[in-house]
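After this come two complexes, each holding subunit A, first together with subunit B and then together with subunit C.
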Partner chain A sequence: MLAMVIDDSRAMRSILRRIVVELGFDVVEAADGQEALDKMSAGEVPDLALVDWNMPVRDGLSFVTEVRANKEWRGVTLMMVTTEGEHAQIVRALAAGAHEYVIKPFTPDAIMDKLQILGLVGVPA
Partner chain B sequence: MMTLALAPAELKSMVDEIWSSLFQPVPTDADDADMGSDLVVGFVDISGGWLGRVAVETTDAGAVAIASSMLAAEPHTLGDEDLADAIGELANIVGGSVKSCVEGQSSLSLPSVERQNVLRHGTSELMTVTTHWLDHPLRVRVQQIRVVEELTANGAHHLDAAS
Partner chain C sequence: MTTTSIAPRTTADHHFETIGQFVESRSAILCPPDKRYLFEARLRPVMRDHGIADIAELATKLKGAGSLVLGEAVIEAMTTNETSWFRDIHPFEAMRTGVFPDLIEARAATRKLSVWSAACSTGQELYSLAMMLDLQFPELQRWNVSFHGTDISNEVLAQAKAAKYSALEVNRGLPAQYLARYMERDGSHYVVAESLRRQATFAKLNFIAPWPPMARFDVVLCRNVLIYFDMDVRVRIVRKIRDVLAPGGYLILGSSETSLGSVEGFTRTVFGRTTVYRKEQR
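After this line comes the complex of A and B, so read on.
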C-alpha cells in the first residue's frame, strides 16, 4: 500500500515516513496540499494520505476538500496530522471528509492505533 | 478579551510530553540556560481573541541535536535549512499546544526561525520554561502581545502594540 505524507516540515515528514514504513507502507512525500494534488493528478494516488493542516500554498483542509470532490479519489483514506487541536477544527476536518484526526505531538503507537481503526494495518495477535 | 488558561507548570508538562513523543530523554529542569551568542529561535504567533508569541530557544549545537533526531540524520550532514525546519516544526508543535489553551477561536502562524531574540516590542513575558536536553540549553517562552487603542494626534484611532 502507498502512503502520501503531506507536511511542509521535512523533519515531520521524516518522522511520519519512518512510522508508516515500519508498518509496511511505501511512501511518497509532498511539501504542501498543492504538490500532493499535483502528484495525485500525475498518477501517484495513495491508499492513505497523512495531512498537515497549516501549510503554505494549499493547506490541509483545502486538500481534503479537493480530494473528496474527485470521485476517482474516493478510495483515498485521509488522516489529518496537525497541531490544530480545537474541537471545532476537528469537526471541520471530519465534515470536509477526513477519516481520522491525530494531534501533534503523537507517538508511533497513536498513528498505528488510528490505522488499525481504519483497517489499514492489522491488529497484532 | 480572551485569555490564555495556562500555568507555568502546565507549560513544563507540555514540553515534557512533546519531548517524550518525539525525542528521548525528556529535558531536565535548569535554573538558567545560557545560550551565549549561539542562539537559534523558532517561533509562532497566535492571533485571534488572544495575541501572543511562543518561542523555542536553543543553541546551534542544540538545534543540530534536535534536527539530527527528527530527521534521523548524522549531525555532519545537516545544513542551516535542516536546523530551521526542525526548530520551526518544534515551535509549531509547542505553539499548537499553547493555542489549545486559548479560550475561543484563534489561529497559528506558520513558524519562523531566527538567530536572535524575537521578543517583540509591545510584548510581555508570561512564562518561561528553562531546561537542558542532552546538555544543550533549551528554553520555551510564552509572550503576550498587548493591543491597546490609542488616540492619535489628529483624533483618529489606531491599534498599536504596547506592553
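After this line comes the complex of A and C, so read on.
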C-alpha cells in the first residue's frame, strides 16, 4: 500500500515516513497540498494520505476538499495530522471529508491506533 | 517602566534540549521547556536502571554510538502510562455486536444497565464504552445506564474523574467522530462531554483487600490486570466478580486471560474474535 505524507516540514515528513514504513507502507512525499494534487494527477494515487493543515501554496483542508470532489480518488483514505486542535477545526475537516484526525504532537502508536481504526493496519487477536 | 527578565540558559537546559531533540526525532513527542518537570520525573528511573549519574551523562550517552537500548528506554519512559481509547478494538466490537444487543433485550423491562470498569486507570476504557453506547444504541438515552470505574491508584482515579486528557492521550485510539462529538476543548486539553461524565462514578479498590458492598453489574470489564496476580488469586478475584454480576451478565477479560473463564458459573461465548463469559441464569 502507498502512503502520501503531505507536510511542509521536512522533519515531520521524515518522522511520519519512518512510522508508516514500519507499518508496511511505501511512501511518497509532498511539501504542500498542490504538490500532492499534482503527484496524484500524474498517477501517484495513494491508499492513505497523511495531511498537515497549515502549508504554503495549498493547505490541507483545501487538499482534502479537492480529493473528495474527484470520484476517481474515492478510495484514498485521508487523515489529518496537524497542530490544529480546536473542536471547530476537527469538525470542519471531517465535514470536508477527512476520515481521521491526529493532533500534533503524537506518538508513533497514535498513528498505528488510527490506522487500525481505519482498517489499514491489522489488530492483533 | 516595565522590565522583562529572561533567565539565562544553564548547562542543564542545554542537556535537556539535547535529550528533547533526541526524543522528538525518534517519537514525534515534543519536549517543551515548560514540561521539564515531567520529563525529569520520567527519566529518573531510566537513569537509575542504566547507572547514569546525571542529566549531562544521559545527554552524552544518547548522542554517542551504541545507545540503542538506552534510547529505547528513554522513548518508552516518555510514552508509557498512556492507556488507549477502544483498546484492542475487538472487545468493543464484541460488546457492540453481541453483549449489548443481548442485554438490551434482556433488560427491556427494567431499562437499567450497570457497567463496571474494574481497573479503569485514567478512564479511557469506561468513557470509550459510554461513547460507543450513546452513538450506537441511542435508545439507551432513555434508560438508566451507569458506569463505575475502580483502580488502586488515586492519581489515575483523579484524572478519570476529571475526564480531562491531553492531545497525546486523545490521539491514542479515539476515533475522530467521537472526538468531535463527545470531547470539548479546555485549553490545551480535551474533556469528556458532561452528559457522559454524569453517568460515571469512580472509587478506589484494591482487588486483594476486602471489597466494599457493591451493586449488581450487568457488564464487568477486567482486562489485562489479573495477569499481575498469582493463579489462585486470579481465580479468587474472578469468583468475587461473579458474585457481583447480575444473572445473565457478562465478564470481559483481556485476550491473554481466557483460561480464567473456566471458573464455575460462567458460560463461554464468542463474539467475533473475542471470548466473553456470561454468568449463568440461576
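Definition applied: the second predicted complex is superposed on the first by the 124 of 125 C-alpha atoms of A that agree within 3 Å, B and C clash if a C-alpha of one lies under 4 Å from a C-alpha of the other, contacts with A are read in each partner's own complex, and residues count from 1 in each chain.
One rule holds in what follows: a contact is a pair of C-beta atoms (placed from the backbone, for glycine too) under 8 Å apart; a residue touches a chain by one contact, two chains touch by 3 or more.
All figures in this text were calculated on a predicted structure; none of them were measured in a lab.
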{"item": "Subunit C versus subunit B on the shared subunit A, clash or fit after superposition", "value": "clash"}
{"item": "Subunit B versus subunit C as contact partner of A:Glu84, first or second or both or neither", "value": "first"}
{"item": "Which superposed partner A:Glu100 touches (first subunit B, second subunit C, both, neither)", "value": "second"}
{"item": "Which partner, subunit B or subunit C, touches more subunit A residues", "value": "C"}
{"item": "Which superposed partner A:Asn70 touches (first subunit B, second subunit C, both, neither)", "value": "neither"}
{"item": "Partner chain in contact with A:Gln116 - subunit B first, subunit C second, else both or neither", "value": "second"}
{"item": "First, second, both or neither for A:Ile15, with subunit B first and subunit C second", "value": "both"}
{"item": "Partner chain(s) touched by A:Ser41 [first = subunit B, second = subunit C, both, neither]", "value": "neither"}
{"item": "Part of subunit B, among the options 41-49, 77-85, 113-121 or 131-139, whose backbone runs into subunit C after overlay", "value": "131-139"}
{"item": "Footprint overlap on subunit A, where subunit B in one structure and subunit C in the other make contact", "value": "11-12, 15, 85-86, 103-107"}
{"item": "Subunit A-touching residues of subunit C, taken from the complex the two chains share", "value": "25, 27-30, 79, 82, 84-86, 88-90, 167-168, 170-173, 175-177, 179-180, 183-185, 188, 255, 273"}
{"item": "Footprint of subunit C on subunit A - complex, ascending", "value": "11-12, 15-16, 19, 85-87, 90-91, 93-94, 98-110, 113-114, 116-117, 123-125"}
{"item": "Interfacial residue positions of subunit A with respect to subunit B in the complex", "value": "8-12, 14-15, 18, 54-56, 82-86, 88, 103-107"}
{"item": "Contact footprint of subunit A on subunit B as seen in their complex", "value": "17-18, 21-22, 67, 70-72, 82, 85-86, 88-89, 92-93, 95-97, 99-100, 105, 108, 110"}
